[in-house]
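Right, I'll just put the structure down here and ask away after.
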Amino acid sequence: MKRAHVEKPELSKRAGADPDLLSRYLAVRDTSLRLCAPLSPEDCVVQSMPDASPVKWHLAHTSWFFETFVLEHEVADYKLFDPNYKVLFNSYYHSVGPQHPRPQRGLLARPNFDTVLAYRKHVDEHVTRLHDQSGSFRGKTAGLVETGLQHEQQHQELMLMDTKHLFACNPLKPAYHVCVQSAAEAAPAMRWLCYKAGVRWLGHEGGGFAFDNETPRHRVRGEAFALATRLVSNGEYLEFIEDGGYGRPELWLSDGWSTAQTSGWQAPLYWEKRGDRWYELTLAGLRTISPHTPVCHVSYYEACAYAAWKGARLPTEVEWEHAAQTIGAAEGNFLERGLLHPTVAKQRQNRSEPQQLFGDTWEWTASAYLPYPGYRTPASALGEYNAKFMCNQMVLRGGSCVTPRSHIRPSYRNFFYPQQRWQFGGIRLARDLH
Amino acid sequence: MKRAHVEKPELSKRAGADPDLLSRYLAVRDTSLRLCAPLSPEDCVVQSMPDASPVKWHLAHTSWFFETFVLEHEVADYKLFDPNYKVLFNSYYHSVGPQHPRPQRGLLARPNFDTVLAYRKHVDEHVTRLHDQSGSFRGKTAGLVETGLQHEQQHQELMLMDTKHLFACNPLKPAYHVCVQSAAEAAPAMRWLCYKAGVRWLGHEGGGFAFDNETPRHRVRGEAFALATRLVSNGEYLEFIEDGGYGRPELWLSDGWSTAQTSGWQAPLYWEKRGDRWYELTLAGLRTISPHTPVCHVSYYEACAYAAWKGARLPTEVEWEHAAQTIGAAEGNFLERGLLHPTVAKQRQNRSEPQQLFGDTWEWTASAYLPYPGYRTPASALGEYNAKFMCNQMVLRGGSCVTPRSHIRPSYRNFFYPQQRWQFGGIRLARDLH
Amino acid sequence: MKRAHVEKPELSKRAGADPDLLSRYLAVRDTSLRLCAPLSPEDCVVQSMPDASPVKWHLAHTSWFFETFVLEHEVADYKLFDPNYKVLFNSYYHSVGPQHPRPQRGLLARPNFDTVLAYRKHVDEHVTRLHDQSGSFRGKTAGLVETGLQHEQQHQELMLMDTKHLFACNPLKPAYHVCVQSAAEAAPAMRWLCYKAGVRWLGHEGGGFAFDNETPRHRVRGEAFALATRLVSNGEYLEFIEDGGYGRPELWLSDGWSTAQTSGWQAPLYWEKRGDRWYELTLAGLRTISPHTPVCHVSYYEACAYAAWKGARLPTEVEWEHAAQTIGAAEGNFLERGLLHPTVAKQRQNRSEPQQLFGDTWEWTASAYLPYPGYRTPASALGEYNAKFMCNQMVLRGGSCVTPRSHIRPSYRNFFYPQQRWQFGGIRLARDLH
Amino acid sequence: MKRAHVEKPELSKRAGADPDLLSRYLAVRDTSLRLCAPLSPEDCVVQSMPDASPVKWHLAHTSWFFETFVLEHEVADYKLFDPNYKVLFNSYYHSVGPQHPRPQRGLLARPNFDTVLAYRKHVDEHVTRLHDQSGSFRGKTAGLVETGLQHEQQHQELMLMDTKHLFACNPLKPAYHVCVQSAAEAAPAMRWLCYKAGVRWLGHEGGGFAFDNETPRHRVRGEAFALATRLVSNGEYLEFIEDGGYGRPELWLSDGWSTAQTSGWQAPLYWEKRGDRWYELTLAGLRTISPHTPVCHVSYYEACAYAAWKGARLPTEVEWEHAAQTIGAAEGNFLERGLLHPTVAKQRQNRSEPQQLFGDTWEWTASAYLPYPGYRTPASALGEYNAKFMCNQMVLRGGSCVTPRSHIRPSYRNFFYPQQRWQFGGIRLARDLH
């Protein structure tokens, strides 16, 4: 899978005036299909837990999104591919209508994989025709298409997360792809970059696409802090485990402790001890733990417990975004990523920035996912996209090795419940300066 | 599907000396595959509830059965197709080893359908070779092969039960096969056949295969009773519904009432009211309720409530088997059955026997599933086949429209929990005579 | 507590013509109160699990029973003590009206203990007045009063069962009463009494009170069997534990095994291992296990597993009752019982009968709790007393050390779910003879 | 109950140098007992849900707090009243040792009420003796005693919350106290007070007691906003109900909607519709809803849905505290409160401040309960007091009609899960200004 060849960086372009929007549309849609290449229809129908969805469902739902928000609104006399899909592939939009229950997505043996492909083709043809009628997507349509693409990219990451979870449930430990594990370079020493107190800007500054939850841009006063130059590694996390970290309640949040006890957590998700040795299920199958690779698939609770054990804390999202702005989120900062597992940034030992803020793992922050001051829920059905989830979840920043590169930006707010672990989430430490 | 052409009646033959055992083996194995003809691999991987299993799992498990109990024991140096399958496809045999958890059978996207077919082929080839080496299955082997065939036939019925349940979970209401609904003939009037008090024989009398739970044959003293000449029909059951039967606790067993309340039962499983009209999901899709067809997919609790409402009761298994012996369980008593839904026996109005004891629906009895007096659990691993389930379940007798014809016999004891409904279970009334 | 002085044997008297019914009424009612003597109002309000009820609830419910079934029907213009009690203290009689949910009985801090005592007094006064108006309870009234007394005796046993369970939940391990543990005599050797095959009578033969579920008396054909002369002792059960009985699935029913695994059973309820030694919570507090005392507080599943381990089985209720009839259930067979724990029958080594069939523990039988042939549910509200529970439960016979002596008789059918353990249930072995 | 006579305002005094600390100790301890005056021991032992605790447990736990954190540390050779209490009455302090499981607090019939009173007396005597030995509480001891008093005041509020919940579970609807419902004055018109953008101070400014979670005081930049002059009233909330607010998902947070659906919410906790009329269970029994009284017992989810319906939002805790500082949190701002239900502030129509920020209901804010910048978890066992709960909960500010007056201060941070409703929580609206 060479996603790098398919997608082109679009961060500096304005969505509304994008001459390449149709080609980007076709490329993103194609990427979703290419992600299925290693999978059989059987792999694509099973749902391994209520949080996850079958890959086939993702393929259909992302098409439903374009059908519902673009074609139904913008194409006169558009005829639905199948009226049943209105319910089957509606994720959570009450304003659109009823939804097939999330935990039962895996019961949908029908429509089968081929029918879903036909559905995608149908939608793609109508979107293309809509474009070709006037030579471009106009006005609101362009924005809706752009949102649909961003949405599909989110689901591309989910497809890999969900496939990894499904394969991990299988005692045969299947691999999504073959990947030669390179000899791990030693992680560079962790250093601290210091930032002064002051008023900082938070939120998307305009230019390129952003979700509503990244706005409005606003100022926040903050104290001085230090941020680690790199993510916590497997080797460092292993020290926490070996120091009894999973058995010491004083390090944990109360809800975290009871979750860890109830769920029997002894290590990150996908870790497995055989004899004296730790292994990790990756998309390339079961591998020995690489000590220099960033630790991944930890919950917010584990991230906090680790930080407490180190006498540090997680950064707030203001601190994180401030650091990202400072070092410049230029494309050059992204490294080549693989699907195997998070990779350590190549050493850039003479530089002082937090390296590799993007592309290894999502980074848990200490911030609850709440609306920014002055945030307004969009008036349309897409008002349900983000706003209603602003409760009980924590923000993650950055982007992971399975995040489409063009989907990453400094102001991006990802969010998960503190107990969730199947996303590619890791730990960057921060601390107070005084 | 013309299963009638495939299977030949074997009730009067002794398993141990059966010259046709290999051809029966091949025919039964083939039937399992032909049952999958209308299904895609996607249909075969999903598990719709913990009680049900994916069709693919059934195909593999029945092969595991022959591999484990025949090939591993009888073939020197037999090499397992895949050692992982020892666990994956072990249903509940502790003496064989650990088992993949039942509610997670649906997570097994791998091995895929084709691999399971290869597994079946591998097993079939080795079983055939075992036969051909000596020109027959000898001694204990013949018995094990016979048991494996009976076992596979049980799973053939389960495959259809589980597929029906899966399709019913799908809002698209897919059909397993196309079937023209014939104009329903009126059900004959229900009459009562009377039996005197006395000592009766219960249990398999030898000749042909029987499971351990049908033995030992023994005598039971019983009072006079009357048995209905036919099953309760949909139309009759509808009167119970319309008389408020589901809302009258005085008709129900205590556990039944609380199950019905908790589960929101208002009708048999698969019934659905649209407007004023009742529909039923069948293997041929959604159909209007046919009033003359036997009611099906009722729990023991509903069967008892219905009987109480009629001032009658269910027959005990002694009474049922006595009646079946009396009328003779000759093949001629079986009717052609379809997969669509239970069919009404063709009217034989001048005969006085309980017609059609076999082949429409399984018939709930008033008897708990317990060992017969003098029953001994077999010493081998197959001792786990039946004995350990002799608690909390009720016996059903007869055989349903999805039971392989050659699998039906008067002494056969089927058993389900009183709240289960996805088996093809119906109601025959009895009453005391005095 | 000297219950023996209060109650007089009444087994040979006919309820309808009992000149002493009022004095028995007063004595039974008084016994309930005396059972509360060691308890505070706080002890009487708590519900330790949904199966158990608070003692205060028992005191009120048994009064509700007389109020509802005797006073409301037989006393013109009877005024309810409190109309709310109609719902609060209705256990499960749908024909009487709605019921306060069983698992919420422990939330009823009000009415307080003193108010419930006043309720009891109110009911007793009206029942006495009803008697005194005509010098006796007449006709149907006498039968209802008798049933109410039997019912209250059942609740007396429940009061002790429930108190024991409550105290066992308390880390302070309180004692219900002080009781000097006598030096345990060695249990006599277990012998087998043999019974020939034949037709036996089952069910109450008339004379004295019996519940509907003990009727009609009928004949059952049975095979030859042997019955152990005494109950399985703690010491014998300990051998089963030490032989790994709780870890060997081949000994267990399937439902039993999964219950034992899920619940973490390693010993009977109330047993506790400290260091190398086993203790048992009794009504007199925590005691070391006495090896010669009958094992108690085992589930049906454990009883079956133990029997399988011994190569034996449990008796059916026909076998049990036949044995009880043979040896004569004369009063002289009852031994003095204490509340501490089951006591071993005094050795009567020269006798050949199964000694002590009554008064140590209830004895699990191999029989499901089902109606006898020809059984008819009574037409009145009391039809809900027994019939609707005839599913999913197993019969226990005999009577325990906390069963009121006058409540015990050979035909008495007690019943519990196979997983329940808080009743005083033990094990008597049987085996086939051939 | 005249708590006003017992407690004296102490906000302006420094805890460490408080000459009256012992008399305050005795007064607070006495208040806890006086709160039990209307209750029987039976009322005090029952636990109505896992979130609530029995009143007796509160009485014991608050004593355990002094015994564990004051007496055990400060008194040489202090002998525990009962070593079992170390576990039984430890709420959640892992550093102290194991804890009796929270959901099983209601099983502790023993120790009985009188023994818990003796426990309190024992602790009070030793605390008094500790004081009298040196004529004052010195240094660290004074701080621990002060913390213990604040802690006990928190439990005084819980005692009333939990009693109200218990009584609400009882169909008899008992009242905690008799209280004549005064004719409700009309609520004043809701007005908006405007605040400019700028940097504001947040956190306790020193002087008097504060919990660690109120520190450190720090600056926060904020936008202009408006705050409502009073709480939302029952009458206003009723309009939301009647406008179908509980059935309109677009008004709700996603987690809120699913909680409301699952739990069947149709109104605030304790509201009950009989016929066309709404009633409310209060500590004085069932009352008709007073339209002018602040709505109470709503969850965060309901508060947000209501705000969305009004086109407004909840204030952040910064905004709330800023407003409280502006109007001055002088004692004169507190009104006399009753236990019956929240009372409407007396009209002060010529004033422009948000009136009555304290003493009616706690006020949900839009802020997640997280540590302030620079917050450090205290090093002692009391580090578990607040820090480990800083996840998944939302902050409430102000104080309710059942909060001890001396426990209220502008910087106080109360916190509950967004779905919890049994605390006295209400709604004050805010909105953006621009």
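Observations on the structure shown:
The chains carry the letters A, B, C and D, assigned in the order they are written, with residues numbered from 1 in each.
Everything below uses one rule, namely that a contact is a pair of C-beta atoms (placed from the backbone, for glycine too) under 8 Å apart; a residue touches a chain by one contact, two chains touch by 3 or more.
Bear in mind that the values here come from a model prediction, so they are computed numbers and not experimental data.
Chains that count as touching both chain C and chain D, per the definition above, do not exist in this structure.
Relative to chain A, the chain whose mean Cα position lies farthest away is C. Centre-to-centre, using mean CA coordinates, chain B is 60 Å away from chain D.
Rounded to a whole number, the gap between the C-alpha centres of chain B and chain C is 39 angstrom.
Touching of two or more other chains is recorded for no residue of chain D. Here the touching chains pair up as A-B, A-D, B-C, C-D. For chain D in complex with chain A, the touching residues are 92, 94-95, 199, 218-223, 249-250, 252-257, 300-301, 304, 316, 366-368, 370-371, 373-374, 383-384, 388-392, 418, 432, 434. Remark: chain C residues 40-46, 48, 56, 84, 87-88, 100, 104, 106-113, 166, 169-172, 174 touch chain D in the complex.
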